[in-house]
Amino acid sequence: MRPSGRAPEQTRDIRITRNYTKHAEGSVLIEFGDTKVICTASVDNSVPRFLKGTGKGWITAEYGMLPRSTGSRMGREAARGKQGGRTVEIQRLIGRSLRAAVDLSKLGEHTITIDCDVIQADGGTRTASITGGCVALVDALDHLVAEGRLKTSPLVQMVGAISVGVHDGNTVVDLDYLEDSAAETDMNVIMTDRGGFIEIQGTAEGEPFAQEELDEMLKLAKEGINYLFDLQKLALEK
Amino acid sequence: MRPSGRAPEQTRDIRITRNYTKHAEGSVLIEFGDTKVICTASVDNSVPRFLKGTGKGWITAEYGMLPRSTGSRMGREAARGKQGGRTVEIQRLIGRSLRAAVDLSKLGEHTITIDCDVIQADGGTRTASITGGCVALVDALDHLVAEGRLKTSPLVQMVGAISVGVHDGNTVVDLDYLEDSAAETDMNVIMTDRGGFIEIQGTAEGEPFAQEELDEMLKLAKEGINYLFDLQKLALEK
Amino acid sequence: MRPSGRAPEQTRDIRITRNYTKHAEGSVLIEFGDTKVICTASVDNSVPRFLKGTGKGWITAEYGMLPRSTGSRMGREAARGKQGGRTVEIQRLIGRSLRAAVDLSKLGEHTITIDCDVIQADGGTRTASITGGCVALVDALDHLVAEGRLKTSPLVQMVGAISVGVHDGNTVVDLDYLEDSAAETDMNVIMTDRGGFIEIQGTAEGEPFAQEELDEMLKLAKEGINYLFDLQKLALEK
Amino acid sequence: MRPSGRAPEQTRDIRITRNYTKHAEGSVLIEFGDTKVICTASVDNSVPRFLKGTGKGWITAEYGMLPRSTGSRMGREAARGKQGGRTVEIQRLIGRSLRAAVDLSKLGEHTITIDCDVIQADGGTRTASITGGCVALVDALDHLVAEGRLKTSPLVQMVGAISVGVHDGNTVVDLDYLEDSAAETDMNVIMTDRGGFIEIQGTAEGEPFAQEELDEMLKLAKEGINYLFDLQKLALEK
Amino acid sequence: MRPSGRAPEQTRDIRITRNYTKHAEGSVLIEFGDTKVICTASVDNSVPRFLKGTGKGWITAEYGMLPRSTGSRMGREAARGKQGGRTVEIQRLIGRSLRAAVDLSKLGEHTITIDCDVIQADGGTRTASITGGCVALVDALDHLVAEGRLKTSPLVQMVGAISVGVHDGNTVVDLDYLEDSAAETDMNVIMTDRGGFIEIQGTAEGEPFAQEELDEMLKLAKEGINYLFDLQKLALEK
Amino acid sequence: MRPSGRAPEQTRDIRITRNYTKHAEGSVLIEFGDTKVICTASVDNSVPRFLKGTGKGWITAEYGMLPRSTGSRMGREAARGKQGGRTVEIQRLIGRSLRAAVDLSKLGEHTITIDCDVIQADGGTRTASITGGCVALVDALDHLVAEGRLKTSPLVQMVGAISVGVHDGNTVVDLDYLEDSAAETDMNVIMTDRGGFIEIQGTAEGEPFAQEELDEMLKLAKEGINYLFDLQKLALEK
C-alpha cells in the first residue's frame, strides 16, 4: 500500500494551467498533486556565441525553488551567491530534454529560456518542470508564428517526464515526497510522444536494482507518460 | 486622467489570500492589481550571533523576482551569483518595516524570515511585500502561540505600505508600472495602524518636489494605508 | 542637551577642501566634525550600454569605508568578496542625488564616477558624501569645459544633504555617531539650492514618528542645507 | 566499423596503476586508452554535520580536468571562480556511485574524499573516474584497517562503470572522444560486482532511442563492466 | 639625470604623521613625495585558528588603493568582488615583513591587522606601507602596554623598506612612478635596524641584471633604509 | 648534514620528460626528486586587450596543485571559488619569468599559456614549474614555426630557477619540503642562460639574513641553475 493510498500505476492529480502570468510568451502552472511549478518560456532575439551566424536557435532552462517551497526553509541561492549542484543538474536535464522537442535548425536565431520555479514542492519537481515546460515552449513557438517571426512552428514532438521507483518492494509511478525519500530506487524517464526515450536516469539509493525491476519501472513510466501526453494535448486545445 | 482610469486617491484592486502554500508557518498571496507577490514567514529556532543569549528574537526579509515576472526577462540573481543593489535595498526596507510590528523582546530567541517572491510585477512590489508580509508574520506569530512556544503573540501593531507620487502633475496613490516609470516623484510610505510613520522614502525622478506636494502625497498615503489595514483585518478574520 | 553640547539647529564644524589629491578631475576632502570623507570625481569617455548613441551622459557613485575608519575594525569588503547591503544602499543614494545636479543631456557621452571613501567616521557619512561629492562634481564639469570637451558646464543646481532626527525627545540636525546610534528617528534630506527636495529618507528606529515631528525635522533640514550651500559656494570661489 | 577499428564489444586498453603518488591513502592512475585520470582517496577524521554523532562515515568525490587535458585549452575553474555544471554533475555521480561500495555504518566517523583529476581526456572520463576511484577507495579502507582505526574493511562490493552508446547505427562499448561526440545515444552504466545496477544515465543526443537499443546497450555494458571487475581484482592482488 | 632632478642616492621628501585618524590603536599617514598611504594598526583579542591555545599572537596586513589614487581610475576591488593578484602579493609581503619586527611569542593571543590604504599613488606604495605600517605597529604595541594588556612591548626591531632600481642605466633609490614604469630593474628591499635583510624582491622588467648591479642596488638600499630608520625614530619621539 | 643526506651544493635527481600528454603544443613532466609538475604550453590566436593591434604576443601562466599532491588534502580552489594568495603569487612569478625567455615583439599576436599543475609536492614547486615551463614553451614556439605561423622561433634565452636557503646554519641548494619548512631563509633565484638575473626573491623566515649569506646563496644558485640549463638542453635535443 502506498502512503497516499494510490495504486502502483496511478499518478497524482495533475493539472496544467496555461497563461498563468501575463508577461511571458508561454506561461504554465503545472501541478502534480501538491507539487506546483511555474514554467515560463521567454524568447530572446539572440543565440549563444557558438551558434551565431548558423541560423540555428537554442533552448535552455533555469530552475529554482522558492525558499519556503519545502518543509523547512532552504537558503536562497541568490543570497548564497551560487546555484547548488542539485539545481545545476536539474536545469541541465530540463534543457536537454526540451531541446529534443524542437528542430533547432528551423527555430531561427532565437533563444527560448524555460524558467521553472517551484512554488510548492512535494516530490517530482523535475518531471513536472519538463512536462509543464514543454507546454510553455509550445506556446512560445506559436507566439513566434503568430507574430510572423517564424512561418511554421519548429515543434517536432511533445516531451513528457515522470518518475518511477521501487518503494517498499513495489514498483510505483509518480512518487511524492514521502515515497521519494524512502525509495530504494528512483528513476526519471523522459520520452517523446512518438515513443522514444530522451533520457533515463535511474539511481539505486539503497540496494542495487536488477534488470527485472528496470523493465517493470520502464513499463510503468511509459503508461504514465502517455497519460501526460493526453493532458498536454487537452491543455493546448483549450 | 490616470492611464488606468483610476481616480487619484483610488488604489488598484487589492486581494490578500492566506495559506497560499502549505509548508510555511505563514503564507500569503497578495495582489495589488497585476502585481502578485507570495509572502511566506518561516520560523527558525535560532537568532543572529549579536542576539544570542539576550532572549530577544529577530525578523528579517528576503526579496526576489521570478525571472519572467517582468515585461522582459531579467537574469536570475542565483545564476549571476549575487543579488543586485535594488534587491538588497528592498529586502532591507521590508525587514526594517516589519520589525516595527513586533516587540522583539517578547519573541524569544526565534528568527522569522519573511520571503517575498514576486510572481508577476506591475509596480509597487515593495509596498505589496510589506503589506502582505505583515499578514504572513501575524500567522507565524499565532502559530508559535498555538504550538505553545510563546504564551501570547508579541504583535504590537499592524504595518502597511503604499506608494504615492506625482504623475503628469497630479498627486496619485498606488502607482502601477506605467505611472511609476513616468512619475516625476515616487514615494513609499510605511505606517502603523496606530497612525505613526515607520519609514518615508521619497525620490524626485525628474524635477525636485516642493513641500506642498509632499504634504499632499502624505495625505493620500495615509488614506490608502488605512484602507490596507481594513483589508489585512478582513483577511485575518477569515 | 545634546551630547556634544550643540544647540538643536547647530551643525558640526564643516570644512570643504578642494584639490585634496592630484590625479582626479575633482577631489574634495569634506569634514563634518570628526567625519572625514574623500570625494573624487573621475571622468570617463564612455557611458553605460543603455545610453550609447543617445548623446547623454551619466553620473554614478561608489562608496567605501577604510576598515579602521570606525571604532572597531570592519572587515574589508574587497577581502570578503562583496559590498554589503548598507554600502550598496548608500552609493545608490549618492548617485541618484548627484544626477539631479546636472542636465545629463548636455553632458555628452561621458560618465562621471563619484568615489566617496570614508577616512574617519562619526555619523553622517552619506550626507557628507553627497555634499562633498557635489563640489568634486562641479570641478570635474569645469575641467571638461577647460579642456574644451564641453562648451558650457551642464550644472543645473547645487545639491546638499544633511541628517536630522529625534534624539532624546528633541529634534536635532547633523547627528554625530553618539546621537545617531541612540536616535528614535533618523532622516536624511537631500535638497537643491533652488529649494526643492531631491530625496527624503526617514526611518523610525524605535517609536513611529508623527506628522508634527516630520514637519519640525524638515524645517531644521532646510536651514542646515542652506548653510551647506553657503559653504559649497565659498569653497568653489577660492 | 568504429573509428578506432575496435569491435563493438571491445573496450580500449585499460590499465590501473596503484600507488601512483605518495601522499594519499589511496592513489591510482587509471587509463582507458588515451584517457588518463589520477584518482586519490583521502581520509579525514570528521564527517559532514548531518552525520555528527551517528557513528557513520561518508564518501564524497571531487572532479577536475587539467586545463590542457583537452584538445583546446579550457579555462581553469579555480580562475573562473566556480565549478561548471558538467563538473558538478560528474562529481555528484562519482560520489553517489562509490558510496554504494561501502557500508557507511561500519566506516566510523571518517570522510573519504575521492579526487579524480583528468590528466588527459579522450572520452569516458567519468566512467574511468568511478572505476579507478573504487580501487583507490579500497586502498584507503585497507589503510584504515592497517592503522588499527577500523577492525575490518567496510567494503561491501566493487563498483565499476562503463559507457555504451549508439554510434553510426551500431551499439558500442567504451566510446572514445571521436565516437562520443558523434553518438546518437550515450549511456553511462554503473554496476556492482554482485550484478545490480547502481545508476543508469542514458541520453539521446539526436534521435530518441528505443527499448531494443536500450536492451542491447545494457547487455554490452554488463560484459564490459565484468571485464573491469577482473582488472580491478588483478590490480588489487599485486 | 633623474626625471625628478634627484641624485641617484636621494630619496623623495618623506614625512611620517602619527595619530592621523582617531579610532585605531596606531594610525599613521606616510608620504614618500606624492605617494600617500594611511597605515592603521588594529588590535583584536583573538588569533587565527592555527594559533589558538599557543599563547602566541599574529600580525597580518591588508592593502588597498582608493579607486582614484592613480592617474586613471581603477575599478574598486570590493565592487569587482575580489582582490587582484597585485593586491594579494603586496599585502602578503607587508604582513611577512612586519612579523619580523615583533616577538610573536610575547604578543599574547592578539592579532594586529595593519591596513595600508593608498590615498595617492606615485610609485613605491609597498615600501611606504611597510615603513609607515611599522610605526603604526609600534603605537599599537605601546597601546597594549599602556592598557596593561602586555607588560612590555614585544617589539624586537624596526623594519623599513625602500625601492631601488636601474633606470636609464643608472642605479637609483626610491623610484617614483615615472622612473618605476621605465626602469630596467626594480627591487624592493626590506631590512631591520639591526642590519639584516628581511626580504629582497628584484625583478628585471627588461634586460636581466648582473651581479654588480645587484651589489650597487643593495648598497643604495641600505643607505636609504638607514635614513628611514632615522625618520621613524624622530616620529616616534614626538 | 641535510635531512636527505645530500651535499649543500647537490640538487635532487631532476628529470624532464617532453611530450608527456598529447593535446598541448608543449607538454613536459618535470621532477625535482619527489616534486612532480606537469607543465603544458597552449597557443591561442589572440592577445589580451592591451596588446591588440600591436603585433606583439603575450605569455602568461597559471598554477594549481592537485588536492592530494600534499601531505594532507588541501581544499580544491575551484570548489572554494577562488585562487588563494599563494597561487596568485606563484603564477605571476612564473609568467614574469618566462616572458623574459622570448622576444614578445616577434611572437606575433599569439598568447601562450603555461599551465603548471603539481601532481606531487615535496618543496620547490615554483622553481620546477619555471624550469619545466620553459621547455614546454620552447616546444610551443617550435610548433608555431613548424606550422608556418612564425618564420623563426622568438626564443631569446633559456630561463631556469632554483631555490637556495639557509638551513640549520648551512647554505644549501634545491630544498625539499623537510628543509623548506625548517629553513631560516628561503630564496628563489631565476636566471637566464646568458648569466643575468630575472628575479630574486629571498625571505627570512626567522632571523634576518646577512650580506655574506646572500652572496653564498647566490653562488650556489648560479651553479644549480647552470646544471638545469644542461638538463633542459639534453631534454630538448632528444
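Of note:
Order of writing sets the chain letters: A, B, C, D, E and F. Residues in each chain are counted from 1.
By our rule, a residue touches a chain if its C-beta (ideal position, glycine included) is under 8 Å from a C-beta of that chain, and two chains touch if they have at least 3 such contacts.
None of the values given here were measured: they were computed from a predicted structure.
Between chain B and chain D, the least number of touching-chain steps is 2. In this assembly, E is the chain whose CA centroid lies farthest from the centroid of chain A. Interface equivalence for C-E, evaluated over A-B, E-F or B-C, points to A-B, where over half of the contact pairs coincide by residue number.
One simple way to say how far apart two chains are is to compare their mean CA positions; for chain A and chain D this gives 28 Å.
Note: centroid distance chain C to chain D, computed from Cα atoms, is 59 Å. With touch defined as above, residues shared between interfaces to two or more other chains in chain F number as follows: 81-82. Order of chains round the closed ring, starting at chain D and going on to chain F, comes out as D, F, E, C, B, A. Contact residues on chain C toward chain E in their complex (touch as defined above): 21-24, 27, 34, 36, 38, 40, 42, 44, 62, 64, 66-73, 76-79, 81-83, 87, 113, 115, 117, 119-121. Within the complex, the chain C residues that touch chain B are 82, 85, 88-89, 91-92, 96, 100, 187, 191-192, 194-204, 207-211, 214, 218.
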